[in-house]
Amino acid sequence: MSAELEEIHEECGIFGVWGHPDAARLTYFGLHALQHRGQEGAGIVANDNGKLTGHRGLGLLTQVFPTEESITSLRGSAAMGHVRYATAGSGGLDNIQPFIFRFHDGDMALCHNGNLTNCQSLRRRLEDEGAIFHSNSDTEVLMHLIRRSVRPTFLDRLKEAVNTVHGGFAYLIMTEHELVGTLDPNGFRPLSLGRMTNGAYVLASETCALDVVGATLVRDIRPGEIVIINDNGYRITHYTSRTQLSICSMEFIYFARPDSNIYGVNVHSARKRMGTRLAKEAPVDADMVIGVPNSSLSAASGYAEALNLPNEMGLIKNQYVARTFIQPTQELREQGVKMKLSAVRSVVQGKRVAVVDDSIVRGTTSRRIVCMLKEAGAAEVHMRISSPPLKYPCFYGIDISTTQELIAATKSVDEIRDFIGADSLAFLSLDGLIDSIGLRENAPYEGLCVSYFNGDYPTALDDYEQDFLASLSEQDRIRLPQFAADHSEYEGNEYRNPSVH
Amino acid sequence: MSAELEEIHEECGIFGVWGHPDAARLTYFGLHALQHRGQEGAGIVANDNGKLTGHRGLGLLTQVFPTEESITSLRGSAAMGHVRYATAGSGGLDNIQPFIFRFHDGDMALCHNGNLTNCQSLRRRLEDEGAIFHSNSDTEVLMHLIRRSVRPTFLDRLKEAVNTVHGGFAYLIMTEHELVGTLDPNGFRPLSLGRMTNGAYVLASETCALDVVGATLVRDIRPGEIVIINDNGYRITHYTSRTQLSICSMEFIYFARPDSNIYGVNVHSARKRMGTRLAKEAPVDADMVIGVPNSSLSAASGYAEALNLPNEMGLIKNQYVARTFIQPTQELREQGVKMKLSAVRSVVQGKRVAVVDDSIVRGTTSRRIVCMLKEAGAAEVHMRISSPPLKYPCFYGIDISTTQELIAATKSVDEIRDFIGADSLAFLSLDGLIDSIGLRENAPYEGLCVSYFNGDYPTALDDYEQDFLASLSEQDRIRLPQFAADHSEYEGNEYRNPSVH
Amino acid sequence: MSAELEEIHEECGIFGVWGHPDAARLTYFGLHALQHRGQEGAGIVANDNGKLTGHRGLGLLTQVFPTEESITSLRGSAAMGHVRYATAGSGGLDNIQPFIFRFHDGDMALCHNGNLTNCQSLRRRLEDEGAIFHSNSDTEVLMHLIRRSVRPTFLDRLKEAVNTVHGGFAYLIMTEHELVGTLDPNGFRPLSLGRMTNGAYVLASETCALDVVGATLVRDIRPGEIVIINDNGYRITHYTSRTQLSICSMEFIYFARPDSNIYGVNVHSARKRMGTRLAKEAPVDADMVIGVPNSSLSAASGYAEALNLPNEMGLIKNQYVARTFIQPTQELREQGVKMKLSAVRSVVQGKRVAVVDDSIVRGTTSRRIVCMLKEAGAAEVHMRISSPPLKYPCFYGIDISTTQELIAATKSVDEIRDFIGADSLAFLSLDGLIDSIGLRENAPYEGLCVSYFNGDYPTALDDYEQDFLASLSEQDRIRLPQFAADHSEYEGNEYRNPSVH
Amino acid sequence: MSAELEEIHEECGIFGVWGHPDAARLTYFGLHALQHRGQEGAGIVANDNGKLTGHRGLGLLTQVFPTEESITSLRGSAAMGHVRYATAGSGGLDNIQPFIFRFHDGDMALCHNGNLTNCQSLRRRLEDEGAIFHSNSDTEVLMHLIRRSVRPTFLDRLKEAVNTVHGGFAYLIMTEHELVGTLDPNGFRPLSLGRMTNGAYVLASETCALDVVGATLVRDIRPGEIVIINDNGYRITHYTSRTQLSICSMEFIYFARPDSNIYGVNVHSARKRMGTRLAKEAPVDADMVIGVPNSSLSAASGYAEALNLPNEMGLIKNQYVARTFIQPTQELREQGVKMKLSAVRSVVQGKRVAVVDDSIVRGTTSRRIVCMLKEAGAAEVHMRISSPPLKYPCFYGIDISTTQELIAATKSVDEIRDFIGADSLAFLSLDGLIDSIGLRENAPYEGLCVSYFNGDYPTALDDYEQDFLASLSEQDRIRLPQFAADHSEYEGNEYRNPSVH
């Protein structure tokens, strides 16, 4: 991990399977491959002929499911699960998914990866209508909308509900008879369908989870689609035709596991190309290249190879660091006790090093890295970032919610370089990023969401709009696309649909 | 990890600190940096003005010390700890160290990294004299010897005891008044002394643990030395002058963390040089180089850079795999469910790949890796091993105890290549290894133990000798050095001392 | 415990406090005193200036709150908690209370002791209107009703809601500004208000919980009342005037702790009087009296004293039996392994014993007790039950839900005596029970609910009516009061109110 | 429990079984019945054809063995276990038994109930000879002695060893081929042999554990005996003929479960007789009798019946109190928060109550009880104690180690009455106690140890002698039997044997 060492959080990973006698165990392994997407909590729900049972808990999967019994007690031939990164203040067991709901006409379970832009207003409206909420999460909102819909079938009701929620979402829904997945009209978050050799179907946030359970990719779920899996196989339909791919570019830059493919693009290869391109855009005269482990290693190798420089392990991350509750005291921190990252003195001493990292958020970690390397004797430290400066918040599921936190929102590249103490600093250009990923979709930015870099949000911002506009400089307010204007109406639905450019 | 994915185990990591108000917490962080040396159990003993209290448990450090309270309850200004890899059959809490002993003249604690060659005979002799053993480990033997010595001072008794035990060992001993570390006459296992800014002294298996707690290296403890740390500082003495450095070469190849330095040699750099040398000795015509994560990544980058080939992430390891109790059933395994390692199809498909791994033990993992890559579409798979073939067991603390397990003991390189299904296979030469590490000590093999490669054991084998000789081929028996002949006597001690070449 | 050794379950105990700096800890102790009312799960919610945080878990209080930290993390000057007995099939963390709800206008928490008669129909109606349910419990229904009410104040909405739910209930509700308790119009379940020396107010299911926290009784909450506690003190209002006390007689017979007082009647003393009366109604010629521990010991001492017989400990219960997961196998059971209850051979051998138990449910435990005593050498075993035969289910919060389970529903006293193998059997008369409790309220049965004995339910049975009528014999159907006819309407409310006799 | 509410602690309960396929589970149930003898830790060792595996932990059995797996993993047809009360300062896992020892000639396990009088000197001597100790407990000493004996057979070595240790002990030893139990020459601690229907043999501290597993008593093990159980059945031998029964009278008064029989005397019945005798010796003019739960209830019923007074439940103990880590703060204590014991106001208000308790240790609990009852409105409180005043420490396994703690050591009965604030106070006479228990052995005090009452210790005090003499008043020193003088020698053994009167 990096993204300036975990200052940016993906909210979740989701996984579901239908048609396998060992469904809960498969879900465990699938979630295991998605553990990097959330380490604060996990849960699995199993479907035993319509009866849903679940277990959720705080911590890593290995902590939530510590014994064989914890898995074998979840019986049934279908299951789905969730790993969660709890954002500040929203912790606690009540927010750990999947949620199970008990109705007279059958149990349902639900889990979610993403963030809704109109959650607050929907929630307020639902509360005004008497709805009650157990959690702070966006997830319950969808179930309320489904259950309040008067349309005849579950699929109709689901369609209405997902037309009502805006923003970024990948939902999995388990009913008595089916496992359903659906994606927002921009496809901000990835979701892939796979097939196991025994005929079971699998849905997962990333293809690495398909690989781990031995499933082969059927295809990626696309914006606005609904996939329904039941005992007869799968079928894909759509709830809106007003779609336009805007997959989160941070998935390629930082979140996704390097062995995952998103819309056919391998993440490691994309990162390596970012490094190669960065070498062209911002070469350096150095003795070696160092990648910030783990997520920047691919970009670093691309950068090093392009410049024909040695790629060295000058920074090392403790691989066992996850979920420790023992922390250094402030006093120990001042004495140099560090948990996560160490500089390797004997590698960097007296050397001019180019450090490749995937992003800079607040700049404090970059400053720490530069400082650490200089203390370890590096003669020069040149920072190279394999993505453009992060200037704007994300409203679709990444935890960069305020502009104030982002150093690049208020400082120029030179100012950032001074702040972090590097001898030089360069970022990959936006074009360089888009070319490197190479999604080649017929859509703005080739199908990528790059709004955190340029403020060009592919949807209306709904509940976030006012605060966001207020946070902008005058200059930005003029320059930015008028995303707030083009609200269009969806057929037969009283709520606004996602905007389309 | 690799060493053919953990088929070889280091037995332990040890860490101690004297003179810091937060000693147990520092020990926790030190052990954290040594967690790669043992994941089956851990323990910490703290010294509160002579009163020793401890806590031990099975699992990772984060499992054994789950709460702040678990650390703060270990009061005192000195502490030491241990992480353990339990070898088969020897599991269970009773073997988790440090051990605390309660005597009328004060408490003592003891922990150990290594393996004694004369443990069985010493233990038998001690038992015949009435000694009782709570554990299967070698560790208790030393305490029995210390307590049975009639020499006047604790240091004298310790000296007699460590002259009596043979093999590989690094011991830490905590008494009321001091923290003591000592190394066998060949220095098979590493042990380093560091100093914190507040004046506290630290002993650790690897320098990475010094770095993590902000300590600077004072110096490596050398063969036959005893370091005594107390409130007056440290002092180093020796219990024998018949020493000769034979540090375990597997520490450089596989065990140690890449940011550690052993006798001044950085581990990552040594591995990279192994890769570079391997490229010279056994180049390949391939499209890319792939390192087996994590321990072979340095060698792979050296190999790739030397051949000017792209270094790709074609194999990926789940970083969260540690200590899960949920395992795939046999049926799921056959359906392709895998926990640890995945091949990245989109990286390797249609490509000729050179895979760099650090060693081959039984060959089964290598075969699995080759198979995985070919299934993922690799056109050719060339296996390159950054160390010589493992042919002989280790008796000094690495868990390769029988020749039968080692595929290179009975098969030629060509036969191994056929067994693992690779298109080609090459190992680094022994000279290449020694040159790459570059220890430059004035001793056989420049101060390295390379006995698992060539059968040249630097000490008598004691209790293991008979079985080992029986396991050898006639040819080997003639060829191998007559280690069994040159037992010499130590001054004033009735037991054999370590042999010296 | 007895009630034929826990075959009957109370559903819950509740406790709340307002105005104490250590509110969560007090709640822990209060719940501790109520642990006998539910051992399957527990939870506490604390109110820190309007912010509610909670922790819930399965097991005993000591398991759910294992560390100081688990209590100290629940900050705030008000708190409330719940201990739960999970009825079959409804287990799982999702049903453990208190539930916390998050609204834009503030958090609320809710917990409940009792059972609603119209829960299914309300739930169905609410679901039809789009409500979603996380749990199987009755508890969420009330919150839905509160939030759907359009009345102006929270108190108005609460009043409407509790007029809508029927059956037996004691609710505690925590809002930002107050702790509220309310009781059904028949007061089936007990709830008492106490005051601490520091001025804090306490609500608890039983007075023993007041005693434990050093609170003095202010008064029992009465049917149809709502008590509101806030920083200004407490005030009691009512939501209906159509009330009539029908407190559950099983509270006196079995559930409540002997040191609790309910409407001024001490439970131990009432039980003792039951024993005394039973001695008059059904004396016995025996050598000793034995009480079935723990709940029948008071009645046994009354029985023994009245007959001037020795009261002996001929049956013993393991006091540590709670919540073990290790159970005897069937084979061990057949070999005589028993966990809970043992007969004391040396006490009963050769003796004619009168066993006093509080009730007979299915008869299997009584049969086991008789058998055990005879195997231990008792010459005669005379069973005396300190309550009338249980013939009808309870719909107000006790887990006797089907007539079929009750041996007295289908068998005469003689037939039961034969089934359990006793030499004689007698039950306390209904009049005897009512006199012994001595509630003296101006209401049918002096204010007791005795419907499980005589089928005279004090309210309409709502959702249970049809099934219940179908389960009755023709004779019973004619004989029983026409509880189903007299549904009256509540002022200004569209739902039926509790029937009044 | 009482003994002034747990101020006196038994150290342990032991249980072993040989010849049952489900041995570890049986041991679990056996220990369950002995849980009252120790709640601080527990352990079980199972013997699978000579291979011993064990599990130990802190807390109640249900905490140490929380899952089925924790029991099923202990395979084998023999097992033994231990529950422990950790005395102050000796806590920690290292002292939890049974201990397992690993020898070249087979594993052994050992557990112990009792206290050795010459442990310190033996331990010192063994340490001087090089022995090392992992624990503070007396238990390891025996294993050292066994292993240091040069006698030919294990039984010979054991005999020598148990002739060497002095004081009170019941040991269980598991070897590859047998389960062995042995008792000190005075039989201070109870140990009974039982037989299961399948032919398995069982050894347990109390007969209640035999009952729980469906075993029938074969006979009590007697002083100086060794019982050896193996696949051929059992056989009893003795290691000394100089024996004299002095079973701990506190077993009858307080420790043992009321359903246990010791040397044929039922504990409940003995207690009841104590109450009856106390009524004769010290009647009272009162309205009711109250027993302090749980251990004084039998005596209270005897007292009440003899005086024809009602026996009421005026004090109640929380049955779920065991092992909570959440404690009232001092502030809460002052506000009246209490965990264990409550007075029942409505029972005692305005009444003259006679409280029967089994003993007074420091007097603080008695004072609290009197105070509690008066606060609850009792008009008079008359304290009656069903045993004589505790004046002297116990050296054989009960945790009353210093005279200073005992209020009766320094205060007269009148002074104690004033201290506890009772209206009157009386103790049972020593003769009354001995008559009530009615052991009728041909030995001093009919075979009871009553030394805590009269200072007449049945053995030499060894390591404790000097301190004990120093603690005595001049008067006492003259009056007490000269136990220190009569050390006799055992045949063929260099150590002192237990003194015989």
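Letters A, B, C and D mark the chains in the order given here, with residues in each chain numbered from 1 onward.
The rule we apply is simple: contacts are C-beta pairs under 8 Å (C-beta built on N, C-alpha and C of every residue); 3 or more make two chains touch, one makes a residue touch a chain.
A quick map from chain label to UniProt name: A, B, C, D = Amidophosphoribosyltransferase.
The model shown is predicted, which means the values in this text are computed figures rather than measured ones.
Counting only contacts among the remaining chains, removing chain B from consideration leaves everything joined as one piece. Comparing the CA-atom centres of all chains against that of chain A, the greatest distance is found for D. It takes 180 degrees of rotation, in steps of 5, to superpose the Cα atoms of chain A onto those of chain D. Here the CA centre of chain A is 61 Å from the CA centre of chain D.
Centre-to-centre spacing of chain C and chain D amounts to 38 Å, using the average Cα coordinate of each chain.
The centroid of the Cα atoms in chain A and the matching centroid in chain C are 48 Å apart. Mean C-alpha positions place chain A and chain B at a centre distance of 38 Å. Multi-chain contact residues of chain B (touching two or more other chains) are listed as 67-68. The touching residues of chain B, counted against chain C in their complex, run 67-69.
Residue ranges of chain C in contact with chain A, taken from their complex: 53-54, 56, 92-94, 99-105, 120, 123-124, 127, 129-136, 140, 143-144, 147-148. Looking at the complex, you find that chain A touches chain B at residues 22, 25-26, 28-29, 32-33, 35-36, 39, 60-62, 65-68, 70-71, 196-198, 208, 211-215, 257-259, 261, 264, 266, 268-269, 272, 294, 297-298, 301, 304-305, 308, 310-313, 316, 318-326, 328-329, 331-332, 335-339, 342-347.
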